[in-house]
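See below for the structure under consideration.
Naming follows writing order (A, B, C and D), and every chain is counted from residue 1.
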């Protein structure tokens, strides 16, 4: 119990302390230290046997997401040091519009609180507790989105807050419905409800599932509920966008997965899976439309997140081996997307624009970032040997094995179009002659080290899968009756 | 017997330069002139061989080796040509294709040598030459295919040996079509009227002649000799197809064969005398129609 | 097998070492050395396999779901490995000199180069679908990075994009293909595929699309003319010479799983090959950029190879052993041949680019006198690619022609039609190739420089000449060794036929021997004639003068025929297929002002197929973008509507 | 119980019909107070300390703190009226009645025979959720959207009570805390909005959208390069 609560508490405490620290140096040290402690502890929790302690606990599913969250946070934290101290003298005149900022204490504090709430969200086994923490993540991240204090980021934060709050309020209603499925079960926890199984009221359960799916789906970014996502991701500072995309969306998805677990146990698994598949393919399709000729590269990444959330939902919805693929894809997507968002931060800091048409000659101006950016593109579109390919392929494999040929064809067609559109934009940024007035300036190690580590991890994920990872994924998918075996 | 086979190309080397002479005599006859001696080409070659040569500053090694290569390719071709049922010294399956490609080698070198001079006129000739060349290629190869199908044999000698009277009775019309088409090719490839005019001195209208404008001395001799051999090769092929040489007794065959070749030369002379040179843009039509003839023959053969 | 893998590991290791090397020179040296060493080691099992036949297997566990590190070597793989082993070190050697021009990050390029080489080798020996896919894309990605290496020059981006897109689209088809096969076979091992996917038409056509995109089948060829000119020349040599053959390899490898093929598969390939061959060479004619010419000519040669494979398939379907042997054999031999002369030509073009800084033929001329050995090698390459004896290009085409003749024996309408199609097709392609390469060679190397661009700006080093001469010799060596090489080729072909074929397929070998002798005689005769000509009484008396200009008063180098004017008559014949766009300048009056004409050749596939598709997609997507209109109220409506609709529908 | 439900429904209709923001805040405050009383009324037979504490927290948070906070926002922004909503007040009230019917239908459809609470509470709760959502969709001022959110949140809370569910005390507090913090942040953002843009009209927050017209259709630049117009134009 203590062991599981520890990361949440330490992050929360550090977050509160951060509000009161004056010194920038100490605050940054606190951020990174907390992140590393959290990371170490998450790995520890991943390595030991699952602990179940009533309201909170770990199982393979939460461990996967916990480690992902922690790793992503660590990357974002280290990168933040660069981002907060980035030299912004060379920016064009409109830079102030994007890069003036709120006090750093609020940034650090909110980041740590976000970590705390996300940790709670993935370790919670009590539905209401999970709801509380997911809602809290929204609250902790909204000030972060407004970090740059521009009218655009204000708009983004407003939309984010309102839409997600509405979504989560709806989810709360869904939780009430879920509770109604079986008033006799004393504890409102995943374990108790899964155990109750077939005694759950099917009608209430399906209503509950749908409402929660729409509610948490809003937060997760499933189309057509994703509308806040491109705005928030594009306006937030790079490390925050990275966290939103790489960690927060996963947390929301975990919320859905927990209910899906209950839905499976309660005998409406087929309907639930169908809905997930529907949302999944719709998200992929709609994201395709917006990725096509997207002028803003951070929005591009955001829509790609919508697409990938769709893929994950699709994977879990398809069931069987695809659950394995979907969960694996969640991890891979986080790795790559965070790297990409951080690289986007580098580009933004250097060029002072988010319009990809104004970014030229990246390969000459900032070779390392250009490399990350291109490799990230290749990875995010699911090209072997990156892990994203393995996960997508596993999903595809199951889809074809189940004979969903037309769905597979649509899926692949969308992927190709997305690839075409994304690569056009990215390559045009990277492999073009640089603007003549751009001075050469070495890149700081802090700006690229984390993305590179993440990408290497993503690459390794496609080549080698350690036994422990495989076991966790296998056990997690077994919760949904899936898995490769 | 072996020796006999080797005699064929050697006789061809000797006889070949007469053919242009015959053509010229026929043309002179039709024009009412006395004309140059029938052995004029021998005299020319002999004279040229004893001369030095002049090269343009522009030219490179290509220009110097080209005549030898051209002559070598054409000489090699004669090794594959049988005289009726007297088979050629060398023969293997698909050697007609090899002949086609040897002709291409000759053309290739003629063209690049012309381009080597950097002259606009020679460039023009080269451009036309390659154009007509690629048009002629399908006609030639389709003709080969017809012959192969008709005789069920794949080597030149085999084909010509099997052109018996029964084959003639069976598919004579196809053979005539092929021979006609190849006659067109002969006119094209050897730059005769109506495609080209070997006698004109207006560079703009020439094709083959303009390409060799810059050659002199022994090089030019090689080229002239090569041209004569080329004419011989085409005539020989046509004679082999058109006349039932293989059906005759063996001693008669060389005589009939040579007579036939002379006949083709006379035919060319007559053609040149009675037909005007065509406009350049209509030339491709002639060559394409040669292809069409072969194609018709093929279709007949496959369906009928 | 272990030896082979060791060799590949050495190549990869060499790549990493050179990526972290201190200087470009050291990096290049390391890369070349590792390639020579690694591929040298790998060559041992490959050559043994080619001589003796048989098959090796090696299977290691792999933690990826569904995957296993299964490797295997058979004559088919070994045959395709041959070009990799020969061309890669040569191109790398050439590249070390070529890259000294300007690049500051040529060091990392060696990493990608070595990975590309290693991935090609690995691809040939991988026997697991997942492994194959991974390596397939490693190959695509590493070559992509090589294509975009010269990114400061501006043109590269489009090339890189088209290449990446084409290869990705192809991969998707390949993935689909493996999904189908994996589903039926219940395994991802190649050896299990064989039984499972017999006669599956969808498998076959997915293979054609997927692997065809890499190989450059029409109309998936559009990436070739973009990527090859953009890449550094040694990379184009490797890509065009070797990498696109991996597409062919994939296709024939899939064919081995397909059992007895249907007749219309063969005909489809024949049609694809014919279209690719003719359009490829026509489009090559329309180009002015020398590397684009070569790229389109690759499309043409792939077309020829495809026709051969199609003939082989028909042979299998008709149980015509000779046709199988000659069709497949011609195709596979042409694979090797093409890799030799195409990489030679690309390197030659690279030398031209290196020393003059331009690829545009119309600006060049007369280089033969300044870079003699390059010109000689290029001439050999262009003779070979035109399929002229005694060079190796002819041998492959001759086998295909013989295949056509062999199919006549069957005596059916279809087999006769095959012969007709092959003959007409090959004749047209061969004829046009002669047009194309007389033009390319003579415009660049002969005559006089048309503009100042034709001046030598940088001197070639020996490292840029020797590989060319080596390859030029190789074109002849392959040709003369063909009676023996063909045995190894037939060894590989046997693996392609579902029914066993007796080993000693004699007829073609003996014809090849005659062919080889004739070729030798041709060369000897030419030499002899030249010798005689020099020994003539006045044979060595030379005078020098200007070119005879028909009495023209002021001849000028710019009056020479240009590449465009040379091919103009031919292009006009095929107006609609190889369209040239350009503004015709107005010339008026007796003394017109100076004017200029610019033409540009489009690509029929790109203009008529892909661009409309993209425009359509864009038009389709544009109204859908209204979905994200920016009004928060609307967004809330989406949520409410979704909720209500789902509740009504499902509860 | 029924009285409370009717008060809730009336408050909802009032919200829909009022154009004055001050009044709307008061109405929401009343809702909060009523919600605070609801658990006491429902659980009148076993009133533990926890229930009392919860009630007091709810009344304090939703009935007192948040309204005061919103009033402050109202004063500092100086905007007192919602002008020109997307749907006029009269129509809004008609829509409200339709939503009421819908809420009733939903309650009936859920077929609640095992709860002890009268169904009208649930209907009222559903109605509040729907009307809150309706407010957020049809009103332009940021403050009204916050009010709408609060009303909806209240409604969701009421659904819980209507279904006679109890979450553990800590969780209930957590939920409450989330709402309070959420509204505080929203209010904060509203102030910034007023300061930065001098308006609080959420319908004018459309700078972020993807509905762009790319200038000049599709320009074919060189051979196949399709130009992505850098000059984009936002469609209003």
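Everything that follows uses one rule, which is that contacts are C-beta pairs under 8 Å (C-beta built on N, C-alpha and C of every residue); 3 or more make two chains touch, one makes a residue touch a chain.
Keep in mind that what you see is a predicted model, and the values were worked out from it rather than measured.
Colleague: For the pairs C-D and B-C, output the one whose chains share more C-beta pairs in contact.
Modeller: Result of the comparison of C-D and B-C: B-C.
Colleague: Looking at mean CA positions, which chain is nearest the middle of everything shown?
Modeller: If one averages C-alpha positions chain by chain, the most central is C.
Colleague: How many angstrom between the C-alpha centroids of chain D and chain B?
Modeller: Spacing between the chain centres: roughly 96 Å.
Colleague: Between chain C and chain D, what is the gap in Å from one C-alpha centre to the other?
Modeller: Those two chain centres are 65 Å apart.
Colleague: Can you check how far apart chain B and chain C are, centre to centre, with Cα atoms defining each centre and the answer in Å?
Modeller: 35
Colleague: If you average the CA atoms of chain A and of chain B, how far apart do the two points sit, in angstrom?
Modeller: So the centroids are 77 Å from each other.
Colleague: Would you mind listing the residues of chain A that make contact with two or more other chains?
Modeller: 158-159, 162, 166, 170, 207, 230, 290, 293, 428
Colleague: What residues in chain C touch two or more of the other chains?
Modeller: Answer for chain C, listing residues that touch two or more other chains: 618, 625, 627-628, 632, 636.
Colleague: Write out the stretch or stretches of chain B touching chain C in their complex.
Modeller: That would be residues 49-62, 65, 67-69, 71-73, 75-76, 79, 90, 92-95, 97-98, 100-102, 104-105, 107-108, 111-112, 115-121, 123-124, 126-128, 130-131, 133-138, 140-142, 144-145, 148-149, 154, 203, 213-214, 217-219, 222, 284, 295, 298, 301-303 of chain B.
Colleague: State the interface residues of chain C toward chain D in the complex, per the touch definition above.
Modeller: Interface residues on the chain C side: 158, 600, 602-603, 606-607, 610-611, 614-615, 618, 622, 625-633, 636-637, 640.
Colleague: Could you pull out which chain D residues touch chain C in their complex?
Modeller: 86, 133, 136-138, 140, 145, 202-203, 205-212, 214, 218, 220, 223-226, 234-235
Colleague: Which residues of chain C touch chain A once you look at their complex with the stated criterion?
Modeller: Chain C reaches chain A through residues 63-66, 105, 130, 133-134, 136-138, 140-141, 145, 148, 151-154, 156-157, 160-161, 164-165, 168-169, 171-172, 175-176, 179-180, 182-183, 617-618, 621, 624-625, 627-628, 632, 635-636, 638-639, 642-643, 646-647, 650-651.
Colleague: Enumerate the contact residues on chain A facing chain D in the complex.
Modeller: Checking each residue of chain A against chain D gives 126, 128-129, 131-132, 135-136, 138-139, 142-143, 146, 149, 151-152, 154-159, 161-162, 165-166, 169-170, 172-173, 176-177, 179-180, 183, 188, 204, 207, 230-231, 234-235, 290, 293-295, 299, 355-358, 425, 428.
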